[in-house]
């Protein structure tokens, strides 16, 4: 990492410096871990108390933050979290140089078309009819199936599988072990057991999509499983056959979406959500972690629980559940009163 | 895709044509996506309304379906879903030709036995003592460990790992990234921390099994983790050491089964189910998505919830939970009455 | 497997033999599966009834176990489960011999440093600046990124990815398909959609860590995602950017931990647990399967549910939920009484 003074750093990120700007900064770290030549940041108020003890040279903070310490330089910025991203970028190591061309250990079938500006690392396989767009990077150990297509500027990390016929747009990032185009899970019950339903469709991934490590996107039974423009999918997510994910949606780790379900635009599914098949989720719906979506959801609202319902309802139900013991007590009390009353009446 | 008329298509799939049979069909699509030279289908009543607007040339429907439109040809068939599978098969592209033999980029250890009719794609490794059956296809980048065995007609997709000693039956399909024979997760707590319990068993997969992308089947601590004949396992499923899955069971995506649990025949675990270790699930039990199985379950019934209980009980509990607010209101009302009554009595 | 008599076996594991010690033992199996030349064991009381029918030559049991059968030899030992591990070790096949050196099919970039005692199997890639410690074993098809480091005696199974810059300690075991150092999942919402937040940190794995098949550990946004000494991570686990897992913790299959969360020492997360971001879990906390941790948890206690709460509270809530129908009945009864009372009063 390179060296800067706090003043230079403040200037680079458009922050107002409050303190000694001459101190040198070699790196960056969280408040608890920072040393005297590190810069740090405070964006989440839960880490506020760490300001008292941090050894950082300077800290990115909100414009109006006040602290008791006078020895700590503050870099005041409107959005410390966003400014921190700038700091990270400044100190990030230069990416490894990747030259165009095909590593000699990779295997190409006749009829694969690779843009001369693409960089194909070691141990890849590119099958017949596949098309690799301009400036694509296949880091290595990547599998590209027959007639698969990558748009320009894609970045495929080691061990990605893009199976036969899958079409990927521009600027997509596929993380290690992601599988695009595995067969959908379709079987017909017969007297002789499950019989495979052929999965003859494909997967279409639009531009600017990112797909996490070891995530799996199944090919369609027919037509296409479709991942819309700008969708971000986290690690270990499962997307079944014929699912459609609308543009700009975000699907967080270990979520699973069953077959033929359609997500609108800008839907957010938090981690470990499960969605049934043939369900429609409206634009901008947000589903809390571990929820189970069993029926259509209107757009623009927050949902939680299994079955998923509006989040306020779920919170109310959970609160009632917590009050359950007290309710039982109150009923017992009423029963005692009712019993006493009955006895009194009997006595009368 | 090839071209047919609607009449020819109806004849091929045994449907009764109702409409203009001379229209040419080039492809197939869902009702909403179909164009004027596509055939489509209606099997799930939730898509009924799409019949009014579809641009399809013809639609597979149930024998008794009535519609207002007269411009839409109907192909009436007893089971439109099953007939649709036939249509998919008719239009499916021919599979890529795979010739027998070993791709020169693959590495074979001395003592590996490969049937001459098998097709070993690029970048595979087959270790000493391994046996690859007749007509097996290893698409490429597949790892076959020492003494592992594949029965005839298996289809291994890219990047599958069949670890040392694992035995696989006939006609099995293993999807990309599936791992068979990783170590079971067994550690003994000691004063010095967790000490690994050796995992010396194996995995046995019987005939006609299909295992999904990036699914993991651990080897047994001793003996074998066993996947019964005709079992279908979806993506990202976890099966721990010494589990036994009975014939014809179906395990849907992201389900996890802990060690030494035994599933009977024809058990269905829906997505994201978790099953504790040392549990027995009876033949034909069906467990709903996201349920947590913590104790033995009798066969032939539906279960849901965590802990999983008969589904009717779970539904009743959920309904009560929804009525919780109302119950609180009723108790409050009774308390008011009781208070009023007490006052009256005091007055008397 | 080799042959021993029951007497020899009892002596090897320090058991007291009760029965015919001259019987030969060729192998080992569970009680239900054992044949007449197998030894077996009883550690979990749920399998007690299988003692009556087992065909095993002898069975490891607790010191004080009594049975009716007289034809079954018993090997009495203080801890039958631990003794069984010794038996497994005795009968385990010798591990395949792996000689030091680099398989000719592997690709090394200039500047990779590989200890001459390490064994690099087929189809690996080791990038520039990477360091492979003494006696490391890379089984094959392993990817080691730029400047990544492995301490001595690591065992990397097929298809592991250790991405650029990731640092791994001594004696770590990484199972097939595990990914260390994939990008964290960080995106900023903007008018143009999600914009990627650069993930410039790394992953640090301390000594004696084991990571399961297809598990994913993301690199930090800055600094390091840190897996402490002796941590054991099961299959398909997701650990997000900047998470810190304390020494000796155990994370069971399919659990997911969101960004910047910190686990103390000796924490146990059972299967399919989800943990929110920016949460702290205290030393020795134990969280039951499928729980959702949404807030800080004190150490040393058991938790369950979503939101996770002390397990006793959760059990109480579940019991109340089960009693819900009965509570409704009791309220109805009270309402009838109150109505009757009101009527009586009106009559008076």
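Residue numbering begins at 1 within each chain, and the chains themselves are lettered A, B and C in the order written.
We adopt the following convention: a contact is a pair of C-beta atoms (placed from the backbone, for glycine too) under 8 Å apart; a residue touches a chain by one contact, two chains touch by 3 or more.
Remember, predicted model here, so these are calculated numbers, not experimental data.
K.L.:
If you fit chain A onto chain B using only Cα atoms, how far does it have to rotate, to the nearest 5°?
P.N.:
Best-fit rotation on C-alpha atoms: 120 degrees.
K.L.:
Compare the two sides of the chain A and chain C interface and say whether they are made mostly of the same residue numbers, over half shared, or of different ones.
P.N.:
different
K.L.:
Distance between chain A and chain C based on Cα centroids, please, to the nearest Å.
P.N.:
24
K.L.:
Counting only residues that touch at least two other chains, what does the list for chain C look like?
P.N.:
105, 123, 141, 159, 177, 214, 236, 254, 272, 290, 321, 324, 327, 331, 334, 338, 341
K.L.:
Would you pull the chain C residues touching chain A in the complex into a rising list?
P.N.:
105, 107, 123, 125, 127-128, 141, 143, 145-146, 159, 161, 163-164, 177, 179, 182-183, 185, 187-188, 193-194, 196-198, 200, 214, 216, 218, 221-223, 236, 238, 240, 242, 254, 256, 258, 272, 274, 276, 278, 290, 292, 306-307, 316-317, 320-321, 323-324, 327, 330-331, 334, 337-338, 341, 344
K.L.:
Under the definition above, what is the set of chain A residues touching chain C in their complex?
P.N.:
28-30, 33, 44, 46, 82, 84-85, 88-89, 91-93, 96, 103, 105, 121-123, 140-141, 157-159, 173, 175-177, 208, 210, 212-214, 229-230, 232, 234-236, 247-248, 250, 252-254, 271-272, 289-290, 318, 321-322, 324-325, 327-328, 331, 334-335, 338, 341-342, 345
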